[in-house]
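Two complexes are shown next, each including chain A; its partner changes from chain B in the first to chain C in the second.
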Partner chain A sequence: MAAHSEALAHGHGVMTQEEYAEQRDLRFLGFLLFLFTDSIFFTSYIFAALYLRSAAPVWPPPGVERPDVNLGALNAIILFGSGVTAHYAMHRLKESRFNGYIWFTIATIILGSLFLLGQGYEYSSLYHHGVTWSGTTFGASFFTLTGLHGFHVFVGVIYLIVTLAQTLAGVYSPSRHFGLTAATLYWHFVDVIWVVLFFLFYIY
Partner chain B sequence: MDIGRIADVIAAIGAILVAVFALRFLRKEWNLKGADIAVTKVMLSLLVIGCIEAFLVGLRILGQTPLSTH
Partner chain C sequence: MSIDTIAVLRRADAPIHPAPESFVRKYLFSIDHKVIGIQYFIAAGLMVLLSGLFAEAIRIQLTSPHNTFLTPQQFNEAFTFHGTLMVWFGAIPIVTGAFGNCVMPLQIGARDVAFPWLNMVSFWTAPPAMLILLSSLAFGAPDAGWTEYPPVSLQAGVGIVFWTVAIFTIGIGATLTGLNFLTTVVKMRAPGMTFTRMPLFVWATAVTSVLSLVATTALASALGSLFLSHVFNIPFYDPSRGGTVVLFQHMFWFYSHPAVYIMILPVFGIVSEIIPTFARKPIFGYKLIAYSTVSIALLSFMVWAHHMFTSGLGVWVTLPFMILTMLIGVPTGIKIFSWVATLFGANMRLTTPMLFVLGFLSTFTLGGITGIMLAAVPVDWHEHATYFLVAHIHYVLFGGTLMGVFAGIYYWWPKFTGRMMSEKLGKLHFWLTFIFFNTTFLPMHFVGLLGMPRRVAYYDPAYHSINLFISINAFILGAVTLLLLVNMFWSLKKGPAAGPNPWGARTLEWMISSPPPYYNFKEIPEVYSGPYGYGEPLPYSAPYNQVSVTPSY
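The block that comes next holds the complex of A and B.
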């Protein structure tokens, strides 16, 4: 009975550790497939941007302001830093150090939000320099890809807030925390996509 | 010092810090087994590459070309 109550309290119904491990593997496979499809989605847009770039004689087209690489690097480091704090948070939970988990998750949420603010600032700055979504192929590819990525960051921030609330409600424990593993992997995925986009739009 | 230079310095220092922590995690988890850990290792390795990008931008070695022509 006590085991049943504990299992229910952790939101997993009545499940032995073996059953949980099996379900966890299946969920993990499903989550990997989700990340794979998402990466195909990004890849198709990245190749579209590369095609547009190769078709243009000059890139960005003449008269189009390139995004500020200094601000881009700062924003990139904010996002990459959030990947490290997300990883720390996961480790703290595995070590049953709940306070550490909470603070590192809050730090990740703040850094993710700062990244979105930085992106908003960059959009407004580019807009004031005449770079718009419909104006040029550069604007179209930049806003589509970075906007799509920004949407993923926004979803990730919400995802982290939800998992934080769930942890505080006792849903996850150091031995059963697949939701948190998925949230951390999703956040790493969002980081990695930005590694590619940062290179594509700011460096290349 | 202009704002661009300050952003560069913060990006370069931040890149070193983030890369060091990411590499520490990688080292710690290198011998661990499990699918999620394997995926995490790949993600952290790519994150380190991102840090190198940001570091080189911070040093103004990369990303200073205003236009590229074919």
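The block that comes next holds the complex of A and C.
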């Protein structure tokens, strides 16, 4: 390619047409940027919660019971476990071991659903104890943030079910599986957010 | 060419979509970045005109101290809609959606943005959002100003819910546009176009995209909590239940201060393109202009509380924010001085785009200086919520953003329509805009210093004559803007053919025909050097180095 050698003569940093074609898998960067902007959404509410906490003379406000840390820890273990299974599912697919992929993904979906059930149980018991969304700033920030997170988990479960169906339909292969990579990344992202929320509401 | 090379080239073609056949896919649900840019331009342009009408209604009310043209309630709604429409539905979509979409992919030698389909979705969040916002007029319109501070906004009717939903919706589009543009700039530059060979408008668009990704999402959270407060009675902003209204101001301004730079950074990019083209010189301090864009963006996240000096923050909070705010004057000053240094000793061509850029330089600098004044806490305590603030924001947003947008329209119009605009009408438009802009907004500084509060329907009769003067000039300023529309229609009907490069510019968009073909570049150009080397051969591979760079005006 004459143009290319001419380009080299002009200076450095010149990509060949081949390199240009190689780097055009854009979706990965696009998806990372999506996760980044989503994390800002959480960050903003986390700072709001910290601000409300600093404005309160006592935290949690009087008459408010903190959510049960044991139940929260159990839920956290379930969610992190689902992160591990999601990781192995991805690996199995890359090694072309489809059965392993399918079972690990099903495990992830079940664990994710268990997390949602646990959260539902927690919500109802908190409401029984009078901790409500509109009652105090603690309830407001707790239910807003964990609700937003729970919504993300719910979307993630749907996302995993869709990718599982797609894999069974033969959409993904060990070498071409961006949709699966994205779903797995998203699932890990939701895990990481939970670490922060767990510290914020159960421990700190 | 080996078989392997052909296969690779075909893969480079792979993300390119085939040209659409039907009317709907071609003009309505198009995924072509140029069409989407024009769609943004039309939709946002209509919103700017509508917002201008609200502004004129405000000025009619203020022609006399106790005017009955609007009730105080309607007056509140008028300035709320003026601000909301201008910021989210006019300025931001025009500088990012319209200019970014039209120009950026062409300047980096790409055939489209990274995610063409997502681009279409981004645009189509805007029309529903506009309809939702306007429909709130029928359900108790929002009336607490474009910032909608609680508790006032929480005492209003259901219109505020429409307001939050509308801005949330168009915000999704803005965020997706930012994601799309950043991916495009990072991944799809033509071979050889390193970061320091990018045109400065591309730099500005990339940095603006980062701002959109961070700030628009933060705004979404502020809007979300306002929505929840109104609909589900959440106590975030209710002091009786432990909440605090200042929290909303923090959340809102953490977005809205960077939003100011979302509105101005692309305009800095436009100015940086136009100045070297008509000064016929390489731009002075290319890297300084590029890096100062980045530092403005970084600083913009650290200054939000300067909007809240009168909200009762402690001295230990206001002092660092004051210093950081004044610090923004440094990178902005670097830009202004670089542009002036480019003009120094240049054989300037005073075409319409250049005139608007020169107008921009003078009025924006004035607005920047009043910005530094307002950054000083004691001054701000005195001037906050007076017309001095109104004058400042209009000097940077009208004298800055809108002047730059006008310059950009006159500059790139021939590229996208293939026809020239009338220089005579354009120059008339510039001079009338420049004169009546200053006669409208300069006196606002004085009434502000005298103590006239903003956002009030009635005022002290002592300020009558000066307000009448402002109003008359504002009516003329509004009418003058119609000259641009006349010029556009004239150009579309009778404008002379533009040819590929009427201004003799050197960036990639001028190396292809006007209007650009559907695929922009039949083969991807290779880039050997930066774009502003006036007097040197064009730094692009054939066939993109064949265009004459001698101006044809």
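Please note the rule applied: the second predicted complex is superposed on the first by the 179 of 204 C-alpha atoms of A that agree within 3 Å, B and C clash if a C-alpha of one lies under 4 Å from a C-alpha of the other, contacts with A are read in each partner's own complex, and residues count from 1 in each chain.
Keep in mind that, in the parts below, contacts are C-beta pairs under 8 Å (C-beta built on N, C-alpha and C of every residue); 3 or more make two chains touch, one makes a residue touch a chain.
Fair warning: this is a prediction, and the values are worked out from it, not measured in the lab.
Legend: residue contacts after superposition of the two complexes on their common chain; A:L52 is shown touching chain C, with no touch to chain B.
With both structures placed on the common chain, the touch criterion links A:L26 to chain C but leaves chain B unconnected. In the superposed pair of complexes, A:Q119 makes contact with neither chain B nor chain C. Contact with chain C, but none with chain B, is seen for A:S44 once the two complexes are overlaid on the shared chain. Of the two partner chains placed by superposition, only chain C is touched by A:S134; chain B is not. When the two structures are aligned on the shared chain, A:F34 is found in touch with chain C, with no touch to chain B. When the two complexes are overlaid on their common chain A, residue A:T144 makes contact with chain C while staying clear of chain B. In the superposed pair of complexes, A:F199 makes contact with chain B only, with no contact to chain C.
On chain A, the surface touched by chain B in one complex and the surface touched by chain C in the other have residues 56 in common.
Of all residues in chain A, only 25, 28, 32, 54, 56-60, 62, 66, 68-74, 76-78, 80-81, 83-84, 87-88, 181, 184-185, 188-189, 191-192, 194-195, 198-199, 202-204 touch chain B in the complex they form.
Residues of chain C that touch chain A in their complex: 5, 8-9, 11-12, 14-15, 114-115, 118, 175, 178-180, 182-184, 186-188, 190-192, 194, 197, 213-214, 216-218, 220-222, 225, 228, 232-236, 241-244, 247, 250-251, 254, 524, 526, 528-529, 539, 541-542.
The touching residues of chain B, when paired with chain A in their complex, are 3-5, 7-8, 10-11, 14-15, 17-18, 21-22, 25, 35-36, 39-40, 43-44, 46-47, 49-51, 53-54, 57-58, 62-64, 66-70.
Of all the residues in chain A, the ones that touch chain C in their complex are 1, 3-4, 6-7, 10-11, 13-21, 23-24, 26-27, 29-30, 33-34, 36-38, 40-41, 43-45, 48, 51-52, 55-56, 61, 133-137, 140-141, 144.
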